[in-house]
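Chain lettering (A, B and C) follows the sequence in which the chains are written, and residue indices restart at 1 in each chain.
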């Protein structure tokens, strides 16, 4: 019995299934992979590329890889693939640097608490936000005492023992936290009506953004001491953090300036009309709105800064990359650069990718909030 | 002109203003009496919005004098503070603060400018929100309200400062037709309380109903001013006639 | 007293007072810094002098675009370094742009598989620090490519080894001038022809396939010139002599690793910029263009690209700038760029940290500021067109 799709009395037409091959697996393949000749060729090429990658990668990464060996020749004796033994043997160093074994719990606790402290900043809807923010403010002191020690019977640890992923997190988090207030001031300065304030802010921002970070780190390691009173000599780590702070403050200032410029002029007019002063307007009208729209940008700046912490290896600090280079300098592991660098790359990829996902999520959330 | 008494609250004397080299306001002379309700109309670009924005110094005039409540408008910040807390303003695009709730929008200035305790400010805000008939929206954010409701919140926000003068800058032109009425009704009620009002609007019905005086502006000048009755029935200037014919016959 | 209060209350004079206070604090801070520097210099018995620039540098640079040996001055070494920075930056920018555009197009493609591959490529690349990219590629060349003796042989003319790549080097012989001349003529013709055809199209509505004709001319013309003079060009082919290759063009592992890493890293960002730029154009624009009957390539060229260009170019320039700044990481693998010469070896040999670093910072600042002012000018012009 053949259906005639066009033979129904008006108002009685039922919903019919779509023509075959337009939905379901076949339809999807047809639409997304083989919709035209050029598309089909592209698909086949992609498949071939993927095949090469998987075939070559899998054998090197997994099938022929060696996890347990004492040195490179030991690896080669077993199989020809990747020699992950270099990572396995030094895994602890990649995470904790040369931090004393017995004290490593302090790093773990600080790292865990970091998430507690960051939660109310990153998830605006969290419960008990007010109380958690108090903790966020206290966190820097808690973390400092925990990691550096010297108080409450905690063993004092020299900063030259810091290293690995822990060093990356310390430099990254400290710099970004310090650069936020500085960045806000610079952004306000750049938007200021006062010419002089504006000029100073612009010069600072453009200088920091105009030169490569590595030159600033060289400045920190070679000539910063000249600018301080004779005899002051402080820790390289702190000097690096200061430079990183200035550097990211300039970028954050530009992000926040974007946020400030996105606020409609009417907001300032309304604030003027009800009689708020400049600082009241800044505090109640400008910053709450500007900061909120800048959060994704700030997170992206943070991702950039976090990646840039690898540069400290050039002036002799031992972040994960530095630990990797130290391992490669060891005659036992000489030449295993691909394994080492890939491992560090994967660490960075996982953390940065997670952060950029968060930033995207936040952007979407902000654009649907309230209006 | 016929004002209710000789107690002027706003005096504008030979005032000029330029935007760059463009002469927006030319020799403006205007006196507004206590409790007087003035409607300013005119084609777009005629300088009517600029005029009322000069009264609370959102725009700075270059020549002439403006005094509000006997205080001269100048670079003096203390005087400016005093004037701004006495003059309320309602904008075409509402300009509510989107990150603050309706209640917070209303209490912000009383708390920080009038230095009122928070509890008192909130009571005051609720009182005015009731007067504009949206007390139930107090906890919502501006983005969750309709345009008409937002504009009524803006009126309440201005009233919370207990101003002596209210300026309205085209309060209904960003609204959908069905919402214009609710805002106009609020304004009519406000007029009935004896508030001094300067309203820039094209709502001629409103002008006929509440205005004591209608001012027609064109190309930066006050062309004609009169009581609504005479203004609409016997306009003297040709430009006024043209404008009225355009606005009334569509 | 009352007068002072009045001055403070006035808008204009308050602005001036605040600025004077800022100036005093800022001036004090600067003089503090300067005082510290001079105090420290005195204590260490140093002075501020740029004379070191003119004494022999005494170190070798393995990659140079202008002649250099270790008896040349520090200044010349710095210039060699700057040129090396330029070389990497320009090569990197060209490769990154081409590759980035290609990836961006893949990211926009409706082909699910190609789209996903490009997506994961972009995500993986840009979420890994650039320094790691550089070290990784350098390590791959140095550690996994074979010694020159077992070099990977490409058609017997190019060789990939762990000491770098050896490729044929074109050598001009007499008679090549005609080739140069014809190339210039071809380019001039192409420019004039596209102008003419545009005018013709405006007047008569008739169109030429301008792109294809110009491409033909630019390829064929110079070839004719070559054939006419019996191909006055020869290639120096690298040959294995002893432990290493002789002849040909040698690309050092550092140059290749740096250029390649910078290019593929920046390409990932460019791909996203291109994608975002095209997507920023409202869907209605495409629909409107199609509804008035424009063909897909015209939709792209006449409607989408002119609008997308405005969105794409500013971030694209800042990526170029980033690439140039990132090239300073050359020092990690020993490529002799500006930072590695002037800010590295020259600094260590002369002990003049202040002078060398100030010069390095100033040079980078000049590059950045000139490019960003160019960008501001472009934005300003585009904005004007907007209204």
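As a convention for this text, a contact is a pair of C-beta atoms (placed from the backbone, for glycine too) under 8 Å apart; a residue touches a chain by one contact, two chains touch by 3 or more.
Bear in mind the structure is a predicted one, so any value in this text is a computation, not a measurement.
Highest inter-chain contact count (C-beta pairs) belongs to A-C. In this view the innermost chain, defined by its CA centroid being closest to the centroid of all protein CA atoms, is A.
A straight line joining the Cα centres of subunit A and subunit C is 25 Å long.
Once the centre of each chain is set as its mean CA position, subunit A and subunit B turn out to be 49 Å apart. In this assembly, the C-alpha centroid of subunit B lies 56 Å from the C-alpha centroid of subunit C.
Shown for subunit C are the residues in touch with two or more other chains, of which there are none.
On the subunit B side of its complex with subunit A, the touching residues are 56, 58, 81, 84-85, 87-89, 91, 93-100, 108-109, 112-113, 141-144, 154, 157-158, 161. Listed in rising order, the residues of subunit C touching subunit A in the complex are 15, 18-19, 22-23, 26, 33, 36-37, 39-41, 43, 109-114, 117, 123-124, 127-132, 135-136, 138-140, 142-144, 325-326, 328-329, 331-332, 339, 343, 347, 353-354, 357, 360-361, 364-365, 367-369, 372.
For subunit B in complex with subunit C, the residues that touch the partner chain are 74-78, 80.
Of all the residues in subunit A, the ones that touch subunit B in their complex are 264, 266-267, 269-277, 280, 284-285, 288-289, 292, 370-371. Subunit C meets subunit B in the complex at residues 6, 9-14.
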